Amino acid sequence: MKVYLTRRERFNAAHKLWVEDWSEEQNKEVFGKCSNKNWHGHNYDLFVTVKGAPDPVTGFIMNVKDLSKILKRRVVDKLDHSNLNMDVDFIPKGIQPTTENLVVFIWREIEEEIKENGAELHCVKLYETENIFAEYYGE
Amino acid sequence: MKVYLTRRERFNAAHKLWVEDWSEEQNKEVFGKCSNKNWHGHNYDLFVTVKGAPDPVTGFIMNVKDLSKILKRRVVDKLDHSNLNMDVDFIPKGIQPTTENLVVFIWREIEEEIKENGAELHCVKLYETENIFAEYYGE
Amino acid sequence: MKVYLTRRERFNAAHKLWVEDWSEEQNKEVFGKCSNKNWHGHNYDLFVTVKGAPDPVTGFIMNVKDLSKILKRRVVDKLDHSNLNMDVDFIPKGIQPTTENLVVFIWREIEEEIKENGAELHCVKLYETENIFAEYYGE
Amino acid sequence: MKVYLTRRERFNAAHKLWVEDWSEEQNKEVFGKCSNKNWHGHNYDLFVTVKGAPDPVTGFIMNVKDLSKILKRRVVDKLDHSNLNMDVDFIPKGIQPTTENLVVFIWREIEEEIKENGAELHCVKLYETENIFAEYYGE
Amino acid sequence: MKVYLTRRERFNAAHKLWVEDWSEEQNKEVFGKCSNKNWHGHNYDLFVTVKGAPDPVTGFIMNVKDLSKILKRRVVDKLDHSNLNMDVDFIPKGIQPTTENLVVFIWREIEEEIKENGAELHCVKLYETENIFAEYYGE
Amino acid sequence: MKVYLTRRERFNAAHKLWVEDWSEEQNKEVFGKCSNKNWHGHNYDLFVTVKGAPDPVTGFIMNVKDLSKILKRRVVDKLDHSNLNMDVDFIPKGIQPTTENLVVFIWREIEEEIKENGAELHCVKLYETENIFAEYYGE
């Protein structure tokens, strides 16, 4: 039996989209206002889904408090009130911190530790605004 | 052709997480504040998804009013303003009413009747809070 | 690597559910208040998901601004402040504009142009109210 | 002591903004897409606030179920799945069903009956979309 | 100059509405399903508004982190995962824990400490569900 | 007769809270993570309320499209994807861009032009996150 459990966490961060090898015009053409040199930012909404069979005694796939602790230590403490281009150890420098890339980096950062807690990571979903979000399922 | 149709229903209920065979300390260690003897509660948000081909005349997979009626009679009328540990016929006593377990019990309660209405149950999704939800796809 | 990117758009429209070959009683019995001759309407919430590998330079599956432009030109400009039974070129006359049918028509309207932009259409999801939505995955 | 109690109800309706004495061009210039002859529609979100002192025994300003019943009978049953220009007895014909006008008409429709239930009407607030709402306080 | 600052906190709790002096029938008649002996519960959403002039150096009316700390220590830590009829020191026994009464008790619990932090309490607003909330302004 | 009309707009921006005259320790003590030198950011949700009597012909206090245009030209175009400490002409340099200060600056920027459109500015409300917002009523 497979049940899916999702925990939401939130973080607020600054970023910009900017390719160093490109001219300012090129950056503006592709990234529009997201290329503002002085940065802009977002309230990010993160949904992490794990899967597994509920334990017959506790009814837990994994304790959601443990899931929350992992997400806080590995993701939220690093990304909240940060600059996503400059401040985060698991986001490679020079890579654009688009929502599409962020879900992949977050997946890689937490996959192992969730497995150690007896569940399997299923999905990392990240809202940049109420109108844009990305999802990654590890494949 | 397969289209998915989802109906939301809501119910408010009390519960606690408590294993009878464990000491109070053990219960507190595993379940934290959820083990409060005097109960606590939630506004649950239920999303039930059925699938099928839209009828060429009505454009319906199944009449969403019929889906809502099934959910009200089989789920909401039983769970709304109830105690999930004590009051609900289709939740086995002694089983923890975690969100992960609830989606499985709700699935079993409604699967047959949805089939009798010409659609196929696809997913039961239940929010316990805005930060925690579980999903079950019948497997 | 496959990442999923979703863009939300909104439109407000009128419609009714009404089968011409049926009597008023039949229409009322099946469609209830949705068969009101004088129409009713909704704020529709549209979520379109595309998939693909993020570009190594831009971090984009496809530029979300291009996705938004396609959705505005092909869907929102045609459906917003429209009558879904009468005004929309890609909704066949006489077909019920149920949410289940609308997601299929929208899929067909945008699938090709998204492919031309280098991404693959994954899902069209449409909320009719906060309590009802439909999804279509192209199969 | 004055406490404020608010109840939300919802209804879905069609309408258009159209001044009979004006040309089509004038109507389009002032009302834009809202003047579409074939109507459009919205999911309306209604918040009605009453005020009073909580009863020392029941803790109620007025029973929220009674408030809900009044709103359903006097407002929702009349406006839900209706055409706001044509179908509603308490909306004068020829008057534009803007959100600003609707809150005034709804106020007049319910003020008396709330008083008869021992509370005082304080505010009628109506969302036309997530981006536009109007409020009326009776003055 | 007067600016208003609001902080949201959340808590989940069980309660019931039940007048000891009344028969079961009377309780059922007035309180409906809220009188279930085995309790029910809610996710409460609390909005506390303070007012004052922003400090010319910090731009703060009061540090929102201090406001949050007060709300957590005085309200959330006591009410979260509690039974509102039994567990909370500042809710008098025998008084109905309706939303209307709760906003008054919460006001009294925090008014003084907010004043000690240099701001003035303006409003306590509490959502019991997405459809019902109460407000108190101290008068 | 006085009716209140509210329009929501959104913008995403970077900022930090930092007093130049203070040491890094002082800034950290007062502003916590908000003092990160590399900036952080938010999705801001702006609600602007105007008041007046609905026009007997149009049913408008003022045309909500004109209100939206003013807000876009005077506020959103300047603040969206900006750095609130550096990029905005109507936010004085050296002043902390707290939510409390922002609502006052936005009020001053738009008050006059709303009056010229025949309505009266009533409230500027700004959400920094789902948990924090500020309001200003011009006094």
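Letters A, B, C, D, E and F name the chains as they come in the text, with residue numbers starting at 1 for each one.
We adopt the following convention: contacts are C-beta pairs under 8 Å (C-beta built on N, C-alpha and C of every residue); 3 or more make two chains touch, one makes a residue touch a chain.
Values in this document were obtained by computation on a predicted structure and should not be read as measured data.
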Those chains which touch subunit D and also touch subunit C: none
For subunit A and subunit B, chains touching each: C
Candidate from A-B, C-D or A-F with the same interface as A-C, over half of contact pairs in common: A-B
Higher-contact pair (C-beta pairs counted), D-E versus B-E: B-E
Centre-of-Cα separation between subunit F and subunit D, whole angstrom: 28
Between subunit C and subunit F, centroid-to-centroid distance (C-alpha), Å: 33
Residues within subunit F bordering two or more other chains: 130
Chain-chain contacts as defined at top: A-B, A-C, A-F, B-C, B-E, C-D, D-E, D-F, E-F
Subunit C-touching residues of subunit D, taken from the complex the two chains share: 10, 12-15, 33-34, 36, 38-43, 80-83, 86-87, 129-130
Interfacial residue positions of subunit D with respect to subunit F in the complex: 17, 19, 30-32, 95-101, 103-104, 130-137, 139
Subunit C-touching residues of subunit B, taken from the complex the two chains share: 1-9, 49, 54, 57-61, 63-65
